[in-house]
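Same chain, two partners: chain A is paired with chain B first, then with chain C.
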Partner chain A sequence: MTDNRFVNRSELIGILVLAVFLVVVLPLTLDVFRLNLVAKYLTYAFVALGLVICWGYGGILSLGQGVFFGLGGYCMAMFLKLEASSVENTKIQSTPGIPDFMDWNQITALPFFWKPFHSLTFTIAAIILVPGIFALIIGTAMFKRRVGGTYFAIITQAVAAILTILIVGQQGYTGGINGMTDLRTLKGWDIRPDHAKIVLYFFEVGCLFVCIMIAQFVRHSKLGRILVAMREKEDRVRFSGYSVANFKIFAFCIAAVFAAIGGAMFALNVGFMSPSFVGIVPSIEMVIYTAVGGRLSILGAIYGTLLVNFAKTSLSETFPELWLFGLGGLFIAVVLAFPNGLAGIWGDYVQPRIDRLIVSRKPKPEGWTDSSVADGAPAE
Partner chain B sequence: MFGDYSLGDLGSIFVMQGFAGLILFSVYVLMALGLAIIFGQMGVINMAHGEFMILGAYVTWMTSNLFQTYMPGLFGGYFFLAMILAFLASGALGMLVEWALIRHLYKRPLDTLLATWGLSLMLQQAYRSVFGAREVGVELPQWMLGSLQVTSSIEVPINGVFVMGLTVLITIAVAYVMFKSRWGRQVRAVVQNRIMAGAVGINTEKVDRYTFGLGCGIAGVAGSAFTMIGSTGPTSGQLYIVDTFLVVVFGGAASLLGTIASAFSISQTQSTLEFFMSGSMAKVLTLLAVVGILMLRPQGLFALKVRK
Partner chain C sequence: MSDETNKGLLSPLRRKLLMGMAAVPAITMLPRNSFAQTPATSAVNTTGLAVTDTEVTVGILHSATGTMAISETGSIEAEKLAIEQINAAGGVLGRKIKFIQEDGASDWPTFAEKAKKLLVNDKVAAIMGCWTSASRKAVLPVVEQYNGMLYYPTFYEGLEQSKNVIYTGQEATQQILAGLNWIAKEKGAKTFFFIGSDYIWPRTSNKIARKHVENVLKGKVVGEEYYPLGNTQFNSVINKIKLTKPDVIFTDVVGGSNVAFYKQLKAAGIDLAKQPLLTISVTEDEIDGIGGENIAGAYACMKYFQSLDNPNNKAFVPAFKKMWGEKTVIGDVTQAAYLGPWLWKLTVEKAGSFDVDKIAAASPGVEFKGAPEGYVRIHENHHLWSKTRVGRAKLDGQFELIYETADLVEPDPFPKGYQ
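Presenting the complex of A and B:
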């Protein structure tokens, strides 16, 4: 690909198809309950999108994306919870004006780190900055010392475990194992009724497309190419004079921020936040979505997330026994047989046939490029 | 935090908590030994290691039931047979998994992590379907119950002493196999330089398969020992897997001595802290300390020089 535009033609078509699917087809065909489920799945798509950049392109497997999802989600939930815990709403508590779980845990004043979350501006800044800075610290500590690969995966996993235990243990400050429930309004606007769910869905899809565009930009910029080069032969990039660590830190931070936006959307759309979306198991599941969709494909990650979650919901509703076998088997199959996931299958089998159909009718246009995922082999 | 206790009480607390820590240490060592062998030699992250351990625990449970029904006279000694069966069952499953799954992924270590995670989900569901979702407990033989009174304020449970003795024996056996036997020499040769080891005529594929089997077998024995101190459920293995990985990484992969040292320090820190604060905070502080030290010293406590 020689052009410097951040979207080439086949990708533009792919993005438009996804846009029509999410903005027109799904809202017209699904009822509000199912649409809200899709909204919930799409919050994970933000994480999967970040993982494409960080894992697919950068080769950095983070098993702690749940941490950033959780941080973003908890920031949003703290704001919503404070609004829901106004003095009028909490008259029956022994200390009115603080969240209900604090009252149950004999805390009588709002802790200092909760106070700034009265402001929506601060909350939005915190959703981006808290996970971003946290990722910056972890990334700097690890990548500057050239820790990577499996070690990095294990350490991020440990961080996920630590944060979960901390949230569950500090019940009075975080809501414990139940999380923050009963979120009601955003700046006085009720987020619970059906029409609010629909508005929030479209807002989320809008945010998702902004993130897709950022990911596209990163991928087609020089930065994206250095990431791929680094994944393939880190030493050569280092000897060429690039600071490998800084590029890795950037990729990790951008993945963290995407995950955090997803978490905030989760709190808004689903109406609660709990530690069960922070720990090791959800973090690895988020990696599954990316792997199934195709770790090298930005759009594939979104389809992968939707597909796995639909399968999870329908299978676990009808065959709860089989669901884990299915998920485990899917994972092994993807890793063994289709390391590039759905996007790989599409690029290898479906796309060439479509191309052949089109090409047989008209001559090959100039500047025509092959499948959109031919950027290289999977990470070592 | 020390104010309410006299000096003698504090001494007893440290000894008893230290002993509780030693039991935790035993479980960590037994699990981490197998993991260190697998991770150290092959660079394979085996996320299903906890499930291999639980397989050993279920085998022990079945053996004890068998003895109880058919040979109640010999019940006192069932554990020794159960341990051998657990080793064989987990080891055989390990070799099968290596053959079917792992050997295709040696060039992609991160992918082994994902594939073995899938495997662990399937094994968990299999245990749930076969043994039920409820936790099962093994009935201990008479001689393992009760406790030893060391001084007036210090007493230690016999099953704990037994598990610790077992850990020491297995560690010595593994060290002997790895450092004295011909096969151990081959394993170490493959760790240090796979290509050269192959060039001098070592069948590296076979070494890989048996090493993976041995690592999983030790996990099975760990599960067997685990039944002495806790009950077993389909997801019990998952609780220990992250801790165990931290133990291995903290000790420096591929170093058995490092694994033991790190298991000791982590378990002792955790159980001593547990007395003074809630269990969850003790765990958070311990893990934070480990992660913090790893950020400063990524190669772990004892690093082995390996040609990449």
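Presenting the complex of A and C:
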């Protein structure tokens, strides 16, 4: 086994295949509109990636990842909205120079917490730090008190509900239920035309691979092993002298930051941010992506996200009135038949065959049959 | 394509017309409005829209699923009816309308995504769609960027105007001011209590209503309360109403919240026959859920009621019920959605082209005499001139027309003195 490297050979092949798929195959076969849709799907892949670490490995089921997705997305959207609300763009308003929804809500000056978002550097820092610190606070408050499992899941849901209500209620400051629309430029660079969409797509794919590498590193480090141990027998880890709470907080924070990066990418690629990504329903949907992909597989989560979203788009285009049933059926089928998701199908059926093929050709099987599913599969 | 056109120049005019392939010079020789003959596609579509010699494709973009489906289904039905009727009458510039329906799924970003799909992939000539302000705000940048044409049916808050949108519902001042004037005069109302759902449309509408009450009617707003969308607990505001005893309760509570609101009003002993209530958000569609017995006596202020007594409406209502069932009801927005395809057809024929730029330019002044609400005309600002009406809810869920403005009310999306 290749213990000390954070990517073993079969994983490296998997990552390369994904890279070829995302960087070469999709851009060559899809038009810009579809490619932009893939970019949108991939923003959720960041969240799914975080959930693999936090839920799949750490065993912490968070049903509130939309909160972090939203925080990241809103930070980005605030920057973009300020840039789109220059005095000349907004001269028909009673108060030019502030975002349009503030003007509709009789706000006459930019609120203090909006002001720093004129700076891109501050915005990028905020995208990472705001959700990170928020996750740290929630995590500390929960895990230090040994709140876990179902209770934790419920609390994260409550947080998602609270944040949605806050955003919708404070519409003068947040755009309310409409969200922040009509985002136009990033430092003067128009993010709306086709060529910009392509650039943004590749930028996003790049960020995704950085996150994949971080996730790989966490998984293969000692930290990852402690996470798995904790998931299996928390007390034993605690009695061995580890601070269980700190590891959980860390996993939760990583998942939060990944989700926030996804949210920021969403605002950039879609030109839009709204509370409909923050609440309970989208948060649960994000868990479903991970479940479909396989919650123990880093790459599976990405394929799962792509598959579910692709199914969502194509089903709803083909059957505008019935598509939700089709999608529901897909989820039930996956969960019933393949509890480990796509990665489980791969690990149980496809991988062994490929291995056999390779073995029959090259009789040296050692060292690269490590299947990500097998070594991380839960005991229950 | 150009080869055929050149060949066509040499052959007899009649044959070209029969083939439906009239060449560019030939079309200029035709009498200007003779649309019995089909003009050449290359002449009426210079921007690559989905127009063939026999068909033109438009998009229908509403929520068929999710919380908004209950409201938007009526709009989908009305648009399909209008398209069918237009096709039965010969189509647009000799072309049958084909529609592609997409589901916005009550989710604003999905609306944006689907609008983009309709414009970029399907190259639709126009989109009939959106319902909530949030969905329109999401779609607006898309139709502006890809130069599409959106026909938007809902009464809304105003503060918006776009080359790429025709607003077939009323904007806030159009809808509200006439109703307030009427109730102030008729009931001698001086004090008003505002209740709304908490989002941009009720907030803006109430802002306009407040300015009008305070500055024009010289009355007083004794309370203004907002509740989140979907809220079902109105007891505290009902207690406040009992305490402040306003002359008029003015509401813009939307969607399912209405059911709880009117039931709780009734349970609290507020008799709408004695306590005037003016709503701008309850149409026949909502009463279906609220129940006529819970809202009978309330006044609603909008531009259309199913019970309107005019020849257009007398043809429209049975046609709608024939297509969609005897039990369906037709509310204000459903009627406005019905106007969309017709106004688009009339504009295309006026412009003699499907090109969006030409339609946008030709829109002002287009009149639709067959509108179920009577007569409408498109204003320079792409909103409609329309009458405002007040109806009183009856037990059977229909409205009885009480008052209508004598003239068409001018749309004023950026009202001076109301901002």
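Operating definition for what follows: the second predicted complex is superposed on the first by the 368 of 380 C-alpha atoms of A that agree within 3 Å, B and C clash if a C-alpha of one lies under 4 Å from a C-alpha of the other, contacts with A are read in each partner's own complex, and residues count from 1 in each chain.
Basically, a residue touches a chain if its C-beta (ideal position, glycine included) is under 8 Å from a C-beta of that chain, and two chains touch if they have at least 3 such contacts.
Owing to the predicted nature of the structure, the values given are computational and were not obtained by experimental measurement.
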item	value
First (chain B), second (chain C), both or neither touched by A:G169	both
Touched partner set for A:E321, first chain B, second chain C, both or neither	both
Contacts of A:P111 with chain B and chain C, given as first, second, both or neither	neither
Partner chain in contact with A:G206 - chain B first, chain C second, else both or neither	neither
First, second, both or neither for A:T181, with chain B first and chain C second	second
Contacts of A:R192 with chain B and chain C, given as first, second, both or neither	second
Contact residues common to both interfaces of chain A (with chain B and with chain C)	165, 168-169, 321, 323-324
Contact footprint of chain A on chain B as seen in their complex	39, 43, 45, 101, 104-105, 107-111, 113-115, 117-122, 124-126, 129, 242, 245-246, 249, 278, 280-281, 283-284, 287-288, 290-291, 294-295, 298
Chain A residues within the chain B interface of the complex	61, 63, 141-142, 145-147, 149-151, 153-155, 157-159, 161-162, 165-166, 168-169, 280, 284, 287-288, 291, 321, 323-325, 327-332, 334-336, 339, 378-380
Of chain A, residues touching chain C in the complex	31-33, 36-37, 40, 92, 94, 101, 104-106, 165, 168-169, 171, 176-179, 181-182, 192, 270-272, 274, 276-277, 313, 316-317, 320-321, 323-324
Residue numbers on chain C that touch chain A, as the complex places them	64-65, 101-103, 105, 107-110, 112-114, 116-117, 120-121, 133-134, 137-138, 140-141, 145, 157, 159, 198-200, 203-204, 207, 228-229, 414, 419
